[in-house]
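There are two complexes below, and they share subunit A, which is joined by subunit B in the first and by subunit C in the second.
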Partner chain A sequence: MSILECKDLCKNYGRVPALDQVSFTVEPGRIVGLLGPNGSGKTTLIKLANGLLTPSSGEILVCGMAPGKESHACVSYLPERTAIPTWMSARQLLDFYEDFYADFRRDAAEEMLAHLNIQAGQRIKQMSKGTREKVQLIMVMSRAAKLYLLDEPIGGVDPATRDYILSTIIGNYNPEAAVVISTHLISDVEKVLDEVIFINQGRMVLQSSVDQIREEKGMSVDELFREVFRC
Partner chain B sequence: MKWLFSNDAPIYTQLIQQIKVGIVSGAFPPGERLPSVRDLATEAGVNPNTMQRALMELERDGLVYTQRTAGRFVTEDKNMIEQAKRSLAERHLKTFLTAMLRLGFQREEIIDLLRQESGEEGMTHVDSGV
Partner chain C sequence: MLRKLMKHEFRATGRIMLPLYLILIVTSFGANLTTRGLLSTEYRILDVLGVLLVMAFAIAIVAVCVMSMVVMVQRFYKNLLQDEGYVMMTLPVSVHQQIWSKLIVSAVWFAATVLMIILACCIVAFNVEFVDEFFHFIGDIFRGIMREDAYFIANGTAFAVEGIVLCFLGSCAMCLQFYAALAVGHSSANHKMVWSVGMFFLFQFVIQFLGSMLVILADGTGLDVFLTNFLPQFNGVAAMHAVLIFCIVLTVIYGAIFYAVTTFFLKKRLNLE
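Here is the complex of A and B:
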């Protein structure tokens, strides 16, 4: 069964179409890049998969279900902005996630936090922006979810943090789960992806595997993106 | 081992080349167990499925083999490794010759230059990745 499936998915904000007839599937074991310029509909698509928005028409299915209470249990979502309570300490955050999500792997999270030398007593508030982003990603990746939706996980962090985030995604790879990463920093994520989906102005332009693009076009996904979306 | 990727070729073919270099150079010695797919993928910063595909190709060529429960190992067949070394060298030579011919050198001149250069530098080891 597909982990994520969109059929003729449309979303309008008033009269403005944000997504127009988008259809694709994401299979288990895949790490998929959702790539498109600013305002192309990436975040809208991720919010639809989360049930934070409802489709105007068409269908979106997560693990075969319409987004709702049951699907939330198998989706781990990293929002665009840091959304963890900043007054909590790292330990309180672990308790919170453990209470909230049945699939939270506390030992995995603790191991990753220790690797970053984060003290359990340290408050999120006291951490730098990059560290907060790392902590949030650790929380998201420590769930044994079926679908990880990562909205711009590497935007706004330094290259070393970027590497850490990407290697955390690879290190937590699970052949039964799928990861969708939205970003426009393509050259950084390209090697981590199986497939890419290009969207532009709410329409899907392309779905292909990274190596197929390289094989057929003799160029990287980053170069193809620059060509397709040349301003 | 340092992993480097260019933009103009599929990632899995570049992985194959670099693992071959690793085997030939002894970074992955004959008969030795290879790290797991996940560890290799994390180290190279690539998708685990892409790494898996590269290893399966190497397995098909016989350079690595799987032992059902113990993991993947480098072949112990020295001839096969020697062969891989030779074919990697041929690729380098081909690229080199194409570039030199484009610069307008004749074959004899190239050989003379090579002799001079290797005499002066005492055949220093140059690591260019592929």
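Here is the complex of A and C:
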């Protein structure tokens, strides 16, 4: 069974279409790059998969279910912005995730926090922007979820932090699960991807494995992206 | 899951409300010194101190009341409709559980605020002759009533229960009116807060309009004649019960409408920035 499935998915904001007839599937064990320029509909797609938006038409299924209370239990979602409650301390945040997610691995989260020298008693609001993003990522990647939806996980952080984030994703995801990484920073994520979905102006342009792109087109994903989305 | 949501909701709101209650109690001890005669000394500085202590107490009461309202609105807005909404609205809980957790915790803080103000007032009045006499007088009345008739005891208790139920439901319904206005306003693409404030006043206008229409309809349909003929069959106490129960039913309907609006907009029209 596909972990994420879109069938003729459409989403309009008023009269403006954000997604138009998008259909694809994501299988378990794959790391998929959801790639497209700014405003192409990547975040809308991820919000739809999380039930934060309702489709205008078509269908989206997560672990075989329409997005809702049950599907939330098998999805680990990293929003594009820092959304963890900033009044909480790191320890309270661990309590929070442990309370709501049965698959939360507290020991793994504590180990990663210790690795970054983050004190459990320190409040999120006392941390720098970069550290907050790392803490949020640690919470998301400490779950043994079936699907990880990571919206711009490396946007707006320095190259060293990018490497840390990517190694955290690779080192901590459940191998049975699928990971969808939305980004426009292709060259940074290319090395970790199995598959790519190109999306532009709300329409799906391409779904292919990275190996297939290299073999058939003789170019990297970054080069293909630049060619497809040339302005 | 509702229990867990409430636990974290109490954690989030308690860090604001509990220190405020502490300030209220501390200022009430200060104000107690004033009521014990701080103002009737010959030292001017003690007069000034007495006035300041009473003012601090009054400000603490206002602050506690205002903050319990602000916390109620702010928690819904910040926790579900702002950035934190990305975490909260993707938890494996239903929208109903989200709303109920906010509603129950807000109602508990409202009740706690009332109790803390009563406690603070008791502290201010502790051992003051006039207030002692007043409470003795009230106590005498109740003792008199209880000696007279079980009828009054039963009805008095029922009035108290009906009154408390009405206050509790009324505060829940008021919260839901705020929640509904915020949920509707934040479903728009731009100027979310302006729309929310606009929706709140629109709801208020609609309620008042419907209330007025009910009175006009009662006049036009002969309901007033029916009630005029029907009500004299009741004695005063029964009529009072009927009015309280009617108010409870109206409050439940009023709250249920806003609950449905809030749920619909959070489920189907959520539009986080």
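We take it that the second predicted complex is superposed on the first by the 230 of 231 C-alpha atoms of A that agree within 3 Å, B and C clash if a C-alpha of one lies under 4 Å from a C-alpha of the other, contacts with A are read in each partner's own complex, and residues count from 1 in each chain.
Keep in mind that, in the parts below, a contact is a pair of C-beta atoms (placed from the backbone, for glycine too) under 8 Å apart; a residue touches a chain by one contact, two chains touch by 3 or more.
Here the structure is a predicted model, which is why all the values come from computation and not from measurement.
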Subunit A as common anchor, with subunit B and subunit C clashing or fitting: fit
Partner chain in contact with A:D222 - subunit B first, subunit C second, else both or neither: first
Which of subunit B and subunit C A:G121 touches, first, second, both or neither: neither
Partner chain in contact with A:G155 - subunit B first, subunit C second, else both or neither: neither
Contacts of A:G14 with subunit B and subunit C, given as first, second, both or neither: second
First (subunit B), second (subunit C), both or neither touched by A:G39: neither
Touched partner set for A:G64, first subunit B, second subunit C, both or neither: neither
Which of subunit B and subunit C A:P85 touches, first, second, both or neither: second
Overlay on shared chain A, then closest C-alpha pair between subunit B and subunit C (Å): 27
Complex contact set, residues of subunit A against subunit B: 29-31, 163, 166-167, 170-171, 173, 191-194, 210-211, 214-215, 218-220, 222-223
For the subunit B and subunit A complex, residues of the former touching the latter: 5, 7-12, 38, 41-42, 44-50
Residue ranges of subunit C in contact with subunit A within the complex: 1, 4, 7-8, 11-12, 15, 79, 83-87, 89-94, 189, 267-272
Residues of subunit A defined as touching subunit C within the complex: 13-14, 47, 50-54, 68-70, 72-73, 75, 77, 79, 81-85, 87, 92, 96, 99-101
